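Chains: A, B, C and D, in written order; residue numbering restarts at 1 for each.
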Amino acid sequence: MIDFGFGVNTARAINMDTNDLDTAREIFDRLPDLQACMACGSCTATCTAGAITSFNFRKVHTLVRRGEYGEAYAEMSKCMLCGKCRLVCPRGINTRGVVLLIKKKLGDY
Amino acid sequence: MQKRYSWKEFQKEIADDHYFYVRSCIRQNFFPGSEQAFLNIMRGDLGKDVFEDARHTSCTGIGYHSDIVPLETIMTVVARQFALMTEAGYENLTSSCITSFGIYTEILETWREFPETLERTRESLYKATGRTFEIPKNVSHNSDVIFHNREQIAAQAKLKLVNALTGEPLRVVEHIGCHYAKIFPSKGIGGSEFPYVLAGMVESWGGEVVDYPERRHCCGFGFRNYLVQSNRGYSVANSRKKFESMAPYKPDFIVCNCPGCTMFLDKWQYTLAEMEGSTYGPDGRGIPVLTYEEMAGLVLGYDPWALGMQMHQVDVEPLLDKMGVDYDPSSKYLGKKGKFIGAPEVATVNCSAVDKFYRIKR
Amino acid sequence: MKVTIIGGGVAGIQTALALKGLGHDPVIIEKEDTLGGKLRGWHRLFPVMTPARDVLEPMLKQLRDQQIEVMASTEVQAIESDGVVTSRGKVESRATVVCSGFDLFDATLKEEYGYGIYDNVITSADLEQMMNNGKIALADGTQPHRIAFLHCVGSRDEKVQQRHCSKVCCVTGVKQAIEMRRWFPHSEIYNFYMDIRMFGPGYEEMYRSAQQEHGIQFIRGRISEAAPVKGGKVQIKAEDTLVGRPLKMTVDMLVLLIGMTAGCSNSRWTECTGLSQSDSHFMRPLDMFEGNVRSELPNVFYAGTVTSPKTIGESLNEANAAAMRVAAYLETL
Amino acid sequence: MNFNSSFALPFSVGVMVLFVVITYKYVRWLYRLPDGDKRQIGRNLFSRQTWKAVWECVTESLLHRRIFRVNPVLGYMHMSLAFGWFLLIATGFVETVAYMGWTPVPLRGHVFFKYYSREAVHTEMWQMVFTNVMDALLLFVLSGVALAWTKRVYSKMLGMRRTTRHVWGDRVALTALWCIFPARLLAESTTSAIWHNGGFLTGWVGSLLADAMSPETLVAMESVVWWVYSFALGIFFCAMPFSRYMHIFTEVPLIFLRRWGIKSDDRPKSFDHFQLEACSRCGICIDPCQLQRDAGINTVQGVYFLRDRRYNMLSAEVADNCLMCGRCSERCPVGVDINSLRLNSRYTFHNSPSFRRYDYLRGVDTSQGEGKVGYFAGCMTLLSPRILQAMERIFEAADEQVWWADRNGGVCCGRPLKLTGEVDAAREMMRHNTQLFQKYEITTLVTSCPICLKVFREDYNLQDIEVLHHSEYIQRLLAEGRLKVTPTAEAYTYHDPCELGRGCGIYDEPRAVVKSVATLLEPSETRNMALCCGSSIANTAIPDGAQLKIARSLGQSLEATGADGVVTACPLCKKAVRRGTTLPVYDLAEIVADNLTTRH
């Protein structure tokens, strides 16, 4: 192997062909109302943790639904589970349940 | 491929004869045989009038796309090429380079949309060189010209793009330079989504074009992305994306109409083989990358070494054998008078030392 | 009094029925050999999956029962002040209602999606046809597993000179996705959209049930291009704009939700009468409110999608409104 | 007397098994108690608590006083079985002693005394008394068994809308239990038919048998029915430690341990076994559960949760799907602390090491203002700006200098996280907020959120800071005359938030505040049996639709009071109740702030 002084960048694209979508499927089979998310972002706007850190609940769960699990556990662990998001969600999604479920499915504890 | 009728909607006018020829910076250095082959085919096989003025320069497109050369400067340089053409009494410009072709097209469109820029350019050119120029009647890329004459070449063909052993058509991946039609779809044969310029040649000469998911994707050259070393990882990643996408279709070779693409699709295969150990052709070899002139030259029976194919990073011998080309493998690195011109070191992408098979003469 | 109705789609038929009811003598001129227009090609209608047939058949029956005159396979060449000139000669009338409808967007113009090039790229209209024929399958006869719908093909797109929103494709996309889920319960279905515009009663509820009960995934991002993959599949690229990352996937079937473009006959109406067209080439009604079924000419009226994209229900409403307007106009004569 | 008879074998085996298993369990659980608990027992062993425990064993384990409060018939059923059987055993023992004097008699001798004494003379007056007392007790127990049968078929008669669905082991034990006393009646009656030693019941049934059968048949039948009786006892005793009937014995150590101050914690510990196995699965907890009542969720109630956990088949879904409103514990005849057990089950499912997940909290301080009184709005109050505004007006009217801890967004109190079982991570938040309170040296901490209140009082270690709910604080201001309100003609009903009422025992202060401005109307289920709003943060499994159903049902009960408006004292309840009623819903602070007497 020769070092040419540069590496090969990895693709940024979400590849739905190679991503493992089974875990994502298990997640929304358990909480089908997550599918009703219409990405209004009010959860992220009201988020207690999001006010202090870069945690973005909407983005993380959307990535999880696309099979992008990296960082999801660590990100969801920033959540304080205070429940404000559930109160503001116009689609009545059980957001706290989503946080716990994603952590359970993607964590190693 | 039968369904690819859409190209018919994007037909452009290609001059039939009397071309003023401008060269490509990259090709002069890396594929000099291809440019010579173009002239030989045009003049010798097709009997066309192609004029070349030794005073013409780089179009400075690489500098322009790397934000080094300003627009006014490149317009003046382009105007000078046109002045040389006008002085020689020609009206049809044909360019060896896709970047140049894109530059000419872009500047002509700019002059059309903003006539004041044309006036300013005339003034600059006159002040700098005392020259005047006419707008060319027709601007084409060399591949357009070959496409235009593809049936005549087919008629004169000594070989077809067919596997000599099995009789199956060769599977060809065609790669079109981004600046050929992605900027002005109507300036390319077949438009930007399904350009037909190379596919037409391949089909006329008996090959089979492979359509694959990343067909439209850029080769990764991207000027700055290659020129700055720390960005090269991005450049090579684009090529890899294409290779990974085309590899399952087992192409026999890649044909390009752009200097940069030919170079990078060829050389990045070596780089990837050395960096990651991955190759995309059969038996741990790379996929040979040809220019359209080399492809035309092989069809017309030219000697591959005369076409400059020893300059390739990925060895072409497997392809030549497959096509049934009559050539002398041992004289690969022998120059015009039989003088050894030097051979590259053995590279992973070529799997094993070529001279083991062919006893290459030094 | 005699009234000519140009076009025998739902708007034309309903206008004729309403005018007949008001005691006038309508004649429908239809360029094709059968009445019903685009509705004939549709399988079920949103938002409650009414079979298209159940809407059309009773209307056609009424038309026959009331012995309304129909001139099929007849093309209107010009509208004049005392009637219309057709391919079968002049038809004299006191008023004309233009119900010439819309054209389906030609998906081959969005070449990058490969319609007509790749076997398993089809349009929403093709899908309705498949459902009418009772068989949905890939080109090789097998069942699709992964299906993508692309919204806004030929709508809101400057590149194909379609600036307008075709209005019904969003809900059609949702409807067809649900239908596909019923045909293929184990499939994966993705809808790629720019905006979801659920403007009508029950539409939003349908959208939600598509997401929640039918497990259809909505990805916000327009597909940029389709490319072939071995085995007749299609690779599509889009940006998942909600996470800000490009996304690609291979699908078995790509359904393009084609929009409504202005009817090709609109330019003819403009040429012969001087009636004006909107920017998107639909006929421009007198105004958007009180005169929305009237034209700039006192004896020419509009109903249905000749003036803008509309649902079946809206077209029917306009037909009734136009009939009322025509009747009022005829009384002034 | 000769006590050698083979039919007693199943009974003897059963007793042995029962004794060994129970001893093993109790010794193991006690041994595994944490050292702190053991020291606690040592301290309280010889205290008044022990006597109280003895008395509680009598009133609860035998007489089932708490069940009588739920429903007298149901209470009678449980009492007749427990107390009746106890008396049968006790009286039987005395009877044996009376016959035999103080000689060693095997256990089977006491239990099957009617059989062994059949050849003895029964003519003495005291003998007749014993015989008839024993018959009376048997009848007493049989009446309980009859009621139990009835309950299976028609539970409403005993005041229960739903009864427990049992597991297989329970069914075996239950069937055996139901057989024991009819079998005993039959056995004793058969013997009586042959030997004429029965009382009013067994004698009468015996004479009926004697009329119906020949003496030979009776003799043959006698050995069979005594075998059946012994088998029923044996099976029951074998099944008992593995079934719900384990509660018969376990309730006793539970009562003692509880009296000695042992509690379940937010992490599982050995004491939990006593609570788990003291559950008789009577199912009284099912009816009060609003998930069952309003949302049709039938698998998560206390009885099922305890059962699943005891048999190691608990799923996170069952553990998580609970509002933790505490209504079930209020009714539980054994007094099982279901919420704590559920919490530490969730700990098992969800607690993850905290690592550095809340490192981002470091240095976060968005507080403003100065004062010895700190106000902590809590996340939910931040979504109810009317409460914030009302509190601001109240502080201003009372001339209080206030330090606002989280008005611009702060760090959650940690209780929601704790309630999901992530106890370790919740500590991080608690530590952060504690440091914040200490940094500003406040002496009083007021919060308008009962969720925060509970965690401040229960888990925070705020030594010198008095923690008050705003209802307590406002009531105090009113009492001290620092705040004056003008009464209105409105009539309000008050909704007890679970965390405030059952959680912190605060019922009277908010009512006093409401009464200072309006007439107070109580809903039918109030104070410790007040309904939950359905939006409890303790439940992470419930879908939105079910929350809404519960809120609507609560709304109906509040509307039934005829009040002009609903007052509550929790921002989360306020939002939830509003979804379930058309009445206006206010926070306590709002009605006070709106009716402040302006000073001149």
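Heads up, the rule we're going with is that contacts are C-beta pairs under 8 Å (C-beta built on N, C-alpha and C of every residue); 3 or more make two chains touch, one makes a residue touch a chain.
Keep in mind it's a predicted model, so treat the numbers as computed, not measured.
Student: What chains do chain B and chain D have as common neighbours?
Tutor: Output, common partners of chain B and chain D: A.
Student: Going by average Cα coordinates, which chain is farthest removed from chain D?
Tutor: B
Student: Report which of A-B and A-C is connected by more C-beta pairs in contact.
Tutor: By number of C-beta pairs in contact, A-C is the larger.
Student: Mind having a look at which chain is the central one, using mean CA positions?
Tutor: Located nearest the centre of all protein C-alpha atoms is chain A.
Student: Approximately how many whole Å separate the CA-defined centres of chain A and chain B?
Tutor: From the centre of chain A to the centre of chain B is 46 Å.
Student: Using mean CA coordinates as chain centres, what's the chain A-chain D distance in Å?
Tutor: 38
Student: Can you check how far apart chain C and chain D are, centre to centre, with Cα atoms defining each centre and the answer in Å?
Tutor: Computed from C-alpha means, the inter-chain centre distance equals 64 Å.
Student: Give the residues of chain D touching no fewer than two other chains, as numbers and ranges.
Tutor: none
Student: Can you list the chain A residues in contact with two or more other chains?
Tutor: Answer for chain A, listing residues that touch two or more other chains: 33.
Student: At least two other chains touched by the same residue of chain C: list those residues.
Tutor: Correct list: 235, 250.
Student: Every touching chain pair, please?
Tutor: Between chains, contact exists in these pairs: A-B, A-C, A-D, B-C.
Student: Could you please specify the touching residues of chain A with respect to chain C in the complex?
Tutor: Residues in contact with chain C: 12-17, 21, 28, 32-33, 35-39, 58-59, 62-63, 65-66, 68, 91.
Student: Quick check: in the complex, which residue numbers of chain C touch chain B?
Tutor: 108, 111-112, 116-118, 225, 227-230, 235, 250
Student: Note which residues of chain A are touching chain D in the complex, please.
Tutor: Counting only chain A, the residues touching chain D are 33, 46, 48-49, 51-53, 74, 77-78, 80-84, 87-88, 92-94, 96-97, 100, 103-104, 107, 109.
Student: Mind listing the chain C positions that touch chain A in their complex?
Tutor: 188, 196, 208, 211-213, 215-220, 235, 237, 240, 242-243, 245-250
Student: Give every residue of chain A touching chain B within the complex, in rising order.
Tutor: Interface residues on chain A, with respect to chain B: 1-2, 4-11.
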